[in-house]
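Quick one: structure below, then a few questions.
Labels run A, B, C and D following the written order; every chain starts at residue 1.
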Amino acid sequence: MSIELSFNDEIANVMYATHGNPIKDCLQCGTCSGTCPAVEFMDHTPRVIIGLISAGYKDEVLASNTFWSCASCYHCTVRCPAGIDIADMMYALKRYSIWKGRHQEGLIGPVFSESFVKMIVNSGRSFEPLLAPTYIFKNGPQGLVQEAQTATGLMLKGRLPLLPKKIKGLKKFQNMVRRIIPIGEPS
Amino acid sequence: MSEKIGVYVCHCGTNIAGTVDVKGVAEWAAEHLKHRGVVIGREYKFMCSSLGQELVEKDIKELGLTRVIVAACSPHLHEKTFRTACERAGLNPYLCEMVSIREQVSWVHADKAAATEKSKAVISGGVERVLHNEPLEPIRVPIHADTLVVGGGIAGIQAALEIADAGYHVCLVEREPSIGGHMAQFDKTFPTLDCSACILTPKMVDVGNHPNITLLTWSEVVKVDGFVGNFKATIRKKARYVNTDTCTGCGICWEKCPKKVVDNVYEAGLGNRKAIYTPFAQAVPRYPVIDVENCTYFKNGKCKACQIFCPTEPNSINFDQKDEMLEVQAGNIILATGYDLFDATRIPQYGYGKLPNVFTSLEFERMCNAAGPTEGKIVLRDKTTTPKSVVIVHCVGSRDENYNKYCSGICCMQSLKFAHLVMERTGAEVYNCYIDIRTPFKDYEEFYKRVLEEGGHFIRGKVAEVTDAARLPEEEGKLIVQVEDTLIGKQRRIPVDMVILSAGIEPRHDAKEVGKLFGIACGASGWYTEKHPKLDPVATMTEGIYIAGCVQGPKDIPVSVAQGAAAAARVLGKIQQGVISLEPIKASINETQCSGCRICNGLCPFNAIAFIEDDKVSSINPALCQGCGTCVAACPAGAISGTGFSDAQIIAQIDGLLLRNLEPVEA
Amino acid sequence: MTEQFEPTIIGFTCNWCSYRAADLAGTSRMKYAPNVRLIRMMCSGRLDPTFVLRALSGGADGVMITGCHPGECHYIEQNYKALRRFLLLRRVLTGLGIEPERVKLVWASAAEGARFASETTAFVEEIRKLGPLNWGKPVAALENLQEEVSKLEEVPA
Amino acid sequence: MKQYAYYPGCSLESLATSYNLSTLEVAHNLGVDLKEIKDWNCCGATAYFPVDELLAHTLVARNLALAEKDGLSDFVAPCSACYKNAYFTNAYLKKDPDLAEHINYALEADNLHVNGTMKVRHLIEVFIEDVGLEEIGKKITHPLKGLRVAPYYGCQLLRPRKENENVENPQFFESLLSALGAEPVDYPSKTRCCGGSLIITNRKAALDMVHILLQDAVNRKADVIATTCPMCNVNLEVYQGQVNREFGTQFAIPVMYFTQLMGVALGIKPGKLGIGKELVSGEPVLAFAY
């Protein structure tokens, strides 16, 4: 038999390790949205997103850029009078939309996250220069120029190493990762 | 088996009969529990009807029943009914037991067979238990006619006056130098906006002059012994250093006193008083007190200005006065110790204590008060500038898991009142930032409408933060209130001159200790637990101790007054009875078995168990004992037995419920 | 499996919270497993651990102890004593070779009929998983002990 | 002497080398023994939770496991993001046996096991709580007299921790700066977010947030912004130029790691502290000390 999960429960289910109160507890008081430093860049305020989730407006939520605009500063989380871990809910929404392969066109967030993961899986370390190509073009030629200027500045100051680091126990590290997500068999 | 037991099974219409084979159960009891003394098993449509009761009475008389089991609804509903029926028929009421086959069987189970089986087991348990019941007599206690009222706020004042006017003596104890409580600090009261002092002062004066009221201010209860009808309270009367027999309250002493002190209690830190002072002009009693921490004489032995200028003969200032210990007898006690204001500094993002023009509700009340530190002028911290714009923040410390989960109830109306006063007196723009506006009582919603029409702005959203960091020119030199206007889904930054934090109310910081002192319990939020949340809101689990006002939970003036009167009515009822009878469900100690280990002494929350040095055994005061039975379970010597809930009864019931009584047990 | 095992469970309730919770479950017609038979005491603090042993030795497969939530006891703090005894009891049971899961402690306020119902059903399922309690030697041991005790008590007279 | 398991984190090997240098110098000077965890891996920063929660926790747990294996009691991270990740994974490991089991199943493949017994701490906590302000004060040779510092706590050093400490208006950074002889300014946005990884995924938003932080610091007449996290530092310092271009401002306010300021006050040569590697010159700061 199959159980029809509410969108609310689906999101709750992708918040596996977090220990906040359920989203259902939301009072719609707006403390989160009043606090959020990135709210101007969101198409819905965090409170509205919670409202949409509870009301089951899945498409509207997934089409929103709100959770991709979250900087994970956790200011909403510590202030929420209902004890909901809102920042982690935003993570959950990111996971959900990547998992379902449904997110707004032209967002850098998903691309960035996924290339970040690839990189770490391949080396065990993160390495800023490698990240650049994955997003620069998204900022258009003008962004490219800016980026180039910044980057050369950093180069000259010797703050951008030329070679990515790798951890020694990479094979075993990847076996560890394999036990959680499929990353293909060792070559 | 000498006992004769009658078993009565109720159909309760179809409520029980619908899911339980009532007839079958009754017959089963008569047949399979015969060897346990069941002589008759009957079923009837409605046992609680007069006919049903007569059925029982008839059998008691004609069959000479010595025990009765009624299987019907919950004992909380009809235990009294059937016990009185038995009493009418000459059987001791405590030899009748009820077992619930409605709330706990027919209503909660669907499977008829299972429900019927369970009913049998439940009845069998009752039968085994009732066999060990003993005839009991209710305990009768004489009631001392005096009453102790603790707390001189509006609730305590009301209670004291009601009882005193009825002609009985009251001792009213107040911690502060004057009665009046929080209400004395307010200027206007919602929703009628009548002046707080104008309606409170007459009542305070009545208390002061009432022949039936002994007023002990600047005093605290430190010990309570005894029990309902006969409490003995020990009260510390703190030294006033003023002789109240000669003092006329003329006020010269505090005029002359050179030492200014910031008044953090009455003026909420906004104004000053002297080292010798009465909190406010209409104080009752009018005698001042000397605040030893700040008095120059007590600090370095010089000054004595108050004494030098005191005009009375003999001089009323007495620096050698000592605290006194008084003992007060009382039949009943009313606790009306009120509330503390939520400490707004606990929410740093609201800036209270850091940003000067953020005020608490109590500060604002004082500011509005014509007799207050600003003579009723609404001004910024500089005491001169009138604000052009004000934000009132609702739910400060309330409805918030990080502070208090509950709604403080009064803040919405208080905030609306503030909004009105600000607009009326300054013409400033006023913004109320709220989560929900709660105006449930008479004329409250109408007041909300009025404020709306007066042009008050309402923003639905809990304020996120208050800052002085300007980003735009118009924000320069202002307080910026950052909040989501949830009705338009936008984050707004509102620049204003003044912010008022409508702080919630909390249980007194020492509520727990005080509760222990009087032997009553606090709920999860720290308010005292009433006997029943709906049907018995002013009584407590401890007989003879009543609660009124905010000690029981957040409430406004009208409700506090109502509760004060209600508590008084309950007390008067007890006094009128003269003698009251208590449920005889008590623990008692068998001295011959008591080893004097004293384990039980510490366990009793009502201090009902005392150790008798001479006999080296413990003994229980039946009037203090509430019958919880913890000591019974704890006694390693099995020397304590609980009437009504004895080991024998419970063990027998266990065996009965498990139907171990069916195969005859070897003698 | 031919027929499902129906456990017998004894429930101890306190007069002020959990018994009223049971009543509330009734008045709101909530359905739960019929396997639990309740005993009313004034307070969970009244619970003498030997009651539980008696129930288990007498044929119960599980025992449910219920009382007011911590901090809400009508006798101020007696439910904390129940809690302590409960913890002790679990150790004793383990010592006797009985699954401590056969005894469960549930806090339920007078307003929590739903909680009472769901906790009850849940517990019945847990016990059903554990299967019948075949209290073998411990029973004899315990009952002999009780006889001896009663003998000893007869002495003074 | 007590030894600490030191987890530098990826940034300290590239963009934030100066943080690493200054950390090790200052630690050495104050007799704090930092032992770098062998073969540590990236903690996933904030970019990881969007993909897989369990994997994110496992990556962190591997580092904790390595540290536990060394038999050390304290796990020290200089990066607030690393610190926050380690702090919570560690806490959840204790709270949530189910999670712990999943993680340890994965760690098995790396012959590792984690118990969550570490005490996870941020570098600044170690200096303030273990060394102590008094001790630091004694060692100061070049007090930063008159240097107005904006103490920037950022986010993840404080949040989402909720233990009854003041996460809205903390004071410990200020007291450290005072101990260095500097003058902490009342910095209204000291716990406001710098945008974090939005600098990559939503440049416009991040620059706007950085702009506010810089503006507040300038309004309060700060000579320098002190940071406790490489991410914050990069956003405030490296991208100051882009903020100026975006908003037509002329910000040129130095941004320094608190360890660099400590180093200067302790009389350590600027070069050894990586001063000179920044795009917005830190020279003006030195003027106050030398």
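The rule is simple: contacts are C-beta pairs under 8 Å (C-beta built on N, C-alpha and C of every residue); 3 or more make two chains touch, one makes a residue touch a chain.
A quick note: this is a predicted structure, and the numbers were derived from the prediction, not measured.
**Q** Which chains, taken as a pair, are joined by the highest number of C-beta contacts?
**A** By contact count, the leading interface is A-D.
**Q** When the mean CA coordinate of each chain is compared with the mean CA coordinate of the whole protein, which chain is closest?
**A** When every chain is reduced to its C-alpha mean, the one closest to the whole-protein mean is B.
**Q** Mind checking the centre-to-centre distance between chain B and chain D? Centres are C-alpha means, answer in whole Å.
**A** Here the centre of chain D sits 50 Å away from the centre of chain B.
**Q** Chain B to chain C: how many Å between their CA centres?
**A** 32
**Q** Quick check: how many Å separate the C-alpha centres of chain C and chain D?
**A** About 53 Å, centre to centre.
**Q** Which residue numbers or ranges of chain B touch two or more of the other chains?
**A** Chain B, residues with two or more chain partners: 349, 402.
**Q** Which residues of chain D are in contact with two or more other chains?
**A** Within chain D, residues 162, 168, 212 contact more than one other chain.
**Q** Among all residues of chain A, which ones touch two or more of the remaining chains?
**A** Residues 40.
**Q** Which chains touch which?
**A** A-B, A-D, B-C, B-D
**Q** Which part of chain A faces chain D closely enough to touch in the complex?
**A** That would be residues 14-17, 19, 37-38, 40-41, 68-69, 71-75, 77-78, 85, 87-88, 91-92, 94-95, 98, 107-110, 112-114, 116-117, 120, 124-129, 131, 135, 139, 143, 146, 149-150, 153-154, 157-161, 165, 167-169, 172-173, 175-181 of chain A.
**Q** Can you list the residues on chain D that touch chain B in the complex?
**A** Of all residues in chain D, those touching chain B are 162, 166, 168-169, 188-189, 212, 215-216, 219.
**Q** For chain A, which residues count as touching chain B in their complex?
**A** Against chain B, the touching part of chain A is residues 21, 27-36, 39-40, 44-45, 47-48, 79-83.
**Q** Under the stated contact criterion, what part of chain B meets chain C in this complex?
**A** 74-76, 100, 102-105, 107-111, 114-115, 117-118, 121-122, 125, 515-516, 519-524, 529, 541, 585, 592, 603, 605-606, 626-630, 632-634, 638, 642, 645, 647, 650-651, 653-655, 657-658, 660
**Q** Taking the touch rule as given, give the residues of chain B at its contact with chain D in the complex, in rising order.
**A** On the chain B side, the touching residues are 347-349, 354, 402, 467-471.
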